[in-house]
Amino acid sequence: MILQIDIVVIQIIVILALSPLLSGIIKKIKAFFQIRKGPSILQPYYDLAKLLRKDSVVSENVSWIFHAAPIISFAAVLTAGLIIPIFISDMPLGFAGDLIAVVYLFALARFFTALASLDAGSSFGGMGGSREMFVASMVEPALMLSIFAIALNVGSTNLGYITQTVSNAGLSSVSPYHLLAFVAMFIIAIAETGRIPIDNPATHLELTMIHEAMILEYSGKQLAIMELGAMMKQLLVYALLANIFFPWGIAQIISTTGIAIALIVFIIKIVIMGTIMAIVETSTAKWRLFRLPDLLSISLMLSFLSLVSFIIVKGG
Amino acid sequence: MEEVIFGSNIMQLLIALILVSTFMILGSTRLYSCVRAFGIQSFLLACVAGVVGFSTGKYDLYIIALLTLLLKAAVIPYIFIYIIREIKVKREIALYVGISPSLITGGILVVISYYLIRSINAITGLSSFALSASMSLVSIGLFVMISRKKAIMQMLGILIMENGLFLGAISLTNGMPLLVEIGVFFDVLIGVLIMGILIFRINKTFETIDTDKLKTLIG
Amino acid sequence: MYNILFPGIIFCFLIGAVFSILFNRNDRLANHISLLSASIASILGIIFSLSVVFGDSFSLSISGSSYLKFGFFVDRLSAFFILIISIAVFAVSIYSIGYIREYYGKKNIGYLGFLYNIFILSMILVVSANNAIMFLIVWELMSVVSYFLVIFEHEKAETRKAGFIYILMTHIGTGFILLSFLIMAGASGSYSFESFSAYGSTMPPFLKDITFLFTLIGFGTKAGIVPLHIWLPYAHPAAPGNVSALMSGVMIKTAIYMMIRVFFGFLGGGVIWWGFLVLAIGVISALLGIMYAVIESDIKRMLAFSSIENIGIILIGLGASLIFYASGNPGLSALAAIAAFYHLLNHSVFKGLLFMGAGSIIYSTHTKNIEQLGGLIKKMPVVSVLFLIGVLSISALPPFSGFVSEWLTLQALLMSFGSSDSFTRIVLPVSAAALALTGALAAFCFLKTFGMGFLALPRSEHAEHAKDPNMPMLLGMGIFALLSILLGILPVYVLPFIGMIASTFTGASVIDQPFSYGVFGTITLPANRIYLSTPVLFSIILILILITTGLYLGSRRKNKLYETWGCGQPVSTARNEYTATAFSKPVQIWFRNIYRPIRELHAAYTVSPLIKESFKFELKIEQTFERYLYSPMVDLILRISRQIKMIQTGSIHAYLSYIFGTLVILMMFIILGGS
Amino acid sequence: MIEYLLLAPLLTSILCFFTRTRKQVETVSITGSVITLVFGLVLVSEVFKYDIIVTWQNALFADAFSGFMVLIVSIVGFVASLYSLGYMGHEFEHEIIDDKKLRLYYSLFHIFMFTMLLVGVTNNLGLWIAIEMTTLVSALLMILYSTKSSVEAAWKYMIICTVGITFALFGTILTYFAAVNILGETGNALNWTSLISVADRFDPTIMKLAFIFILIGYGTKAGLAPMHTWLPDAHSEAPSPVSALLSGVLLNCAMYGIIRFYTIATKSTGEAFTSNLLIIFGLLSIGIAVPFVLLQEDYKRLLAYSSVEHMGIIALGIGFGGMFGVFGAILHMFNHAMTKSLMFFGAGNILLKHGTKEIFNVSGVVKTMPMTGAMFVIGALAITGSPPFGIFISEFTILAAGFSHGHILATVLFLLFIIMIFAGFFNNVSKMAFGMPKSGVEKGEISRWTLFSMGILMVFVIVLGVYIPVPFYEMIMKVVAIVR
């Protein structure tokens, strides 16, 4: 396999460029639904820039973990980004890992974030870390089951292969189990991206925070990296959803036009996705932490149903 | 041959008497009378040995008869009486089972042993009768040991069992080899002596020979 | 060559045992002798096992006498386990050189050295025994010696209790093993393992099932499968640190070895429900093990529970392997077996590392309770890094070793789409989900352990004065840390080797070998382009980290030190830190139906019932199985025993009447029989 | 040869009685027991050479089985006399017994040896006399220090065993009767050899009755349940060396009687009857031991109950029959003799050191007496049948025999029982052996004699666990041939 460096570079640039934009868009759409004139779509870029320009205040209790964590989780997420197809189905680095590897890379990122949250020794951090890992461990089985629903359907966990098979199959691949798996995956996506009803990214009350509580101690450039990492993860999760279930329009072979089209299609997809997410967020209230298992067991059940129905439809 | 017949008639009589003497032991409430009954029983046994010896012409049986007379009818009763005197036990034998129940049980035991021996086809006639008698002596002896509290009575019970065996041996097989018999007598004598010693020890340490009190070792 | 090596290994261990007991006057000397000979023996063991794997199998038989025959047989399977044992022993022995200093003057080091060597020797003999009787002997020897190691610090009451539970459970297990061997011996007419494997598969199905169940129970007890695991969380923490590293890392694996021998070798694969049963047990053990690990705040108990979890994961692989084997798919069976084996290897490495880490924490802080630790990352920097590597591996985070084996297991389960049986195709993905949950909880658990143990501020005096332990200990841990990184990054150099071993019993031929290996150390599964290349992942992450770090350090913005934010209150004291219990509270609430925690609220009232003096809230979580399964059983037995014990009244009359009764009964028997 | 073997202990005991000082009596007894041992071994080798030795117009008789018994008796007897030096010496030094008692002890000890040897080498009926003698002598040994409990134990022992023995005599007479019907009233109608040769023509019903009486009779002496009730009292109250002899050897002697008659009875009544009786009584004995071992508070009684269990195991092995069953049983007799004596010696040391028989009042023996403690724990593991010790091998053989002869239920029960017994036994022993010793118990062993004697037994226990010497194996096979 030859690494097409240019593709990789483009991918990195796209991810870095689009991820703040996405969260900007979502904020905007939310504002629209809440009859507000929200901040500009570019606000996340400004925030990042501001943070990077500032000095940072660091707790005196912290160890090297505190400084390493943002970098490591950032790197982990970006690595996952190099495996996930965004505008081209067959990623140059696609051989490095598969869907499962992506999940575990996200886990790596989360692990270090949570470690960092404990490093300063503040109770909020601990609380945030604990809750984050709690939610993650609830998400994991549902996620794995939905992945299996897809993988069994396609017969592989290789992302490139999945996207290709689905897109080649065309609309015929839109089947009950396909959609069930999608819904399950979508619920998981809510959890993964820390959105209402799981978590409220916009809260300023420490006791209700999950992700925010973890990075409470961060400021300045560390915070910037953390935030960017989170945004990237959000983008990537959407990308996963989009390209696993609705990969149409993605470039199969490397050609400038193809990539250009694919990019536009991709942006449209994630905007749609973001809209749905915004609608969900505005239309529901945040759930109590210990009601979350119910939500995630719903997703578990959905993916289980999708699995079973697949086996029934395709025959044992 | 007619000696055998005669012998057998006499034998039946003697065996019956032995059973009676056993029931005397079961029936009596006094140590002395028990010992006396035992003496009589042993004496009858000696007679049995003599008769068998006479009717079969095995002369070593006379020696055995003599030994029995000497040992079981004289020495051992004497030892008993000596012990009773020495440690001044109360004359009454303490009972778990009353006199009349004991007698009834004895009767049942005799019946059981009779049927037991009957069920053995190989043994017939006189020897079967004798054997069932000896069986019942053995079991009654054991019953005496169970139902009487005094250590002395347990000793007596063992001796009754011994007599039962002796009766069995004589009447079944006209006596075992002399050497063996003598060995058995020797053992019995030593046994009685040691039991005597033990009874004295018990009396010294527990201030009683009521075996009911020997209940310190449990579990 | 072999014929020197194998006796050489045994000889070295015996030397170590004998001389350390001889020189037990001098602690240093005894310690060094025992550990030196152990490590030499382990090096020999590594050479030997490798030469068996790449050469041909080794067998040696000593006719002990006309009645007792001893035989050794080492094929690739045994060699693999000898290898694992030897590697573990090597690292642990080096570690122990430092660790045992703790006991100088306090305990009899020579005695410890003796047990240590005999223990390892017995493990090696267990995996190389070739005869049922000899196997039972060395198996029990292993159990007994490990029991003595467990109660090495027998002054503590809980240690004695732990030891007793351990030896009792293992004895019960041995009972089952014995029965299964008797069954197989009955079928084959001999006690040699050859005849077992020759005739075992020809037994009638019913007997095969019984044998399977008995072996599963018997060896499962040693392996610590739920619900036979109760001894494990007591015994492993009780033992000295280096020993628990061996027990958890290696000893429980010998049970897995025998399971494979029996299931595949003797019983010839068997029927599909065996696989499902093993799989189910694996899932349950994994889940319950990690659930109890999460809420545990005694670091060694936590590790013990996580051993149960990992045995569960191994059994999941094994179960899948059995299922595929029974449904006539040796290639996939081999894949699953490889996954199981790789996890087995990894676990012995990182669990050893973690136990040694725990040992060094205890060595320098004298507490096992993570609630009292904290801030160790500053006090013992090296240990913290090594421990972190162990934590990352066991949490299955890429690119460390745990990740690879878990990935393989998941892929093996995914391969069920090739199967024709729809039940298989439903069950395997579900167990994959369970495995995922296990992984997530493991991450939770070890995050808690590391975070509470090493980060933030010290929570007690113990942690205040901690410092990195001596060189040998760090070295021993270092070996394992390095191994678990390498096993993570370069699995392609290990997997073919394991593949060879797996093919010996799954019969997967060269054609249906599960893997091909691409460039950049890529593992490629046969089905539809499933790749994994940990080296590439690793290097990408590394490059990105370097770039970001460069930018990070490059920026002119400086860090101002200030105290931790606590809503404006000055709070940066240890008392305000989040505790381990609090951290695991969400999980505890989530699974409260399984933990069934016992809450007790004591309130001391003043004169008026309205004003309370003080509150005391107590929350303890007992082992569900102990509470609802074992204790009632024991109580029942004891109650019955008390009843029977009544017969010994002490009254001689009663005794005589027993005899009388027996006599009468037998007479009746005769009379009725006669007439 | 047999006469010399019997003479040696007799003379020793007489000499012991007429010595003056402790030194003398000890030297005499040691030399005596050494000579006995040597003669015993010589006899064994002779038996090995010419299968059967008979002297004194057939009164004395020795075949491989007798040789085996002699071997056990003389080895354990020798070791016990060694141990007595330490044990009784300690008692003497602490003025618990005076020199008169000491002399009495040693002379009785050797008479006891004599009677037990006699059991081995006597011919059929003499067996009964010999066993009765053992009862009498051991009863006297038991009341050496005439405490309340020892007298009580002795009385129960005396009475119950005599009753049993009387039954045995009845059984013997019946056998004799059966024999006489065939052979006529010749003196040698009571020789093992002649009995065996014609046993298959005996009347089965008589032999059934006879066997029942024999089983109950000698079973009482061998401590088979439910006739075992005297055993815990006697074995726990006797002085430890004597307890060792009682448990290790005397029970085996009674078992020997049962097995001898089993062989004869089986020939006429057929396998089923005798075997089933033995299996039932065996299982009963093993089972009855379980609760007492689980809830035991006195460690000498603990050992006694384990003896009940092991006699049950031997009976079970014989009952299972077949080459392996009998082999296992015979081997088990030897293993049990060695291991149980070892345990009783250990118990004796502990009793002298800690001054109590209560399990709860003893702790940390491995600290107070390292060697004794270690050997005691190992002995406990051995006696409960865990490898690599002798008893495991024999128990395993018996299990295998039971399994292969289709007594599945019996085998499984057996396994269940021994596991439960392991639990109880080892729980109690570990309570004693480990932990911190009670205050006021000073460190140090009793004497090197006690350790030495324990060491000798230890060798047997361990070696037989991993290796059965070929001559020993052949000897056992000869015995098996006789029994079957």
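Observations on the model:
Order as written gives the chain letters A, B, C and D; numbering starts at 1 within each chain.
Assume a residue touches a chain if its C-beta (ideal position, glycine included) is under 8 Å from a C-beta of that chain, and two chains touch if they have at least 3 such contacts.
Predicted, not measured: the structure shown is a model, and the values here were computed from it.
Comparing mean CA positions across the assembly, the chain most remote from chain C is B. Chains A-C form the pair with the most C-beta pairs in contact. Centroids built from CA atoms put chain C at 70 Å from chain B.
Centre-to-centre, using mean CA coordinates, chain B is 31 Å away from chain D.
Centres computed as Cα averages put chain A at a distance of 36 Å from chain C. Averaged C-alpha coordinates give centres for chain C and chain D that are 44 Å from one another. Residues of chain D in contact with two or more other chains: 155-156, 159, 163, 167, 205, 209, 232, 292, 295.
Taken residue by residue, chain C touches two or more other chains at 645, 648, 652, 656, 659, 663, 667, 670, 674, whereas all remaining positions touch fewer. Chain B has residues 116, 119-120, 142, 145, 154, 211, 214, 216-217, 219 in contact with two or more other chains. Chain pairs that touch one another are A-C, B-C, B-D, C-D.
Residues of chain B that touch chain C in their complex: 96, 112, 115-116, 119-120, 139, 142-143, 145-147, 149, 154, 211-212, 214-219.
On the side of chain D, the complex with chain C involves touching residues 155-156, 159-160, 163-164, 167, 205, 208-209, 212, 216, 220, 226-227, 229-230, 232, 288, 290-292, 294-295, 366, 381, 386-388, 392-393, 396, 399-400, 403-404, 411-412, 415-416, 419-420, 422-423, 426-427, 430-431, 434-436, 465-470, 473. The residues of chain B lying in touch with chain D in their complex are 116, 119-123, 134, 138, 141-142, 145, 151, 154, 158, 161-162, 164-165, 168-169, 172-174, 176-177, 179-180, 183-184, 186-187, 190-191, 194-195, 197-198, 201-202, 204-206, 211, 214, 216-217, 219. Of all the residues in chain D, the ones that touch chain B in their complex are 59, 125-126, 128-129, 132-133, 136, 139-140, 143, 146-149, 151-156, 158-159, 162-163, 166-167, 169-170, 173-174, 176-178, 180-181, 185, 187, 190, 203, 205-206, 209, 232-233, 236-237, 292, 295-298, 301. Those residues of chain A whose C-beta lies close enough to touch chain C in the complex are 1, 52-61, 63-65, 67, 71-72, 74-76, 78-79, 82, 93-98, 100-101, 104-105, 107-108, 111, 114-115, 118-127, 129-131, 133-134, 136-145, 148-149, 151-152, 154-158, 160-161, 206, 216-217, 220-221, 225, 289-290, 293, 300, 304, 307-308, 311, 315-316.
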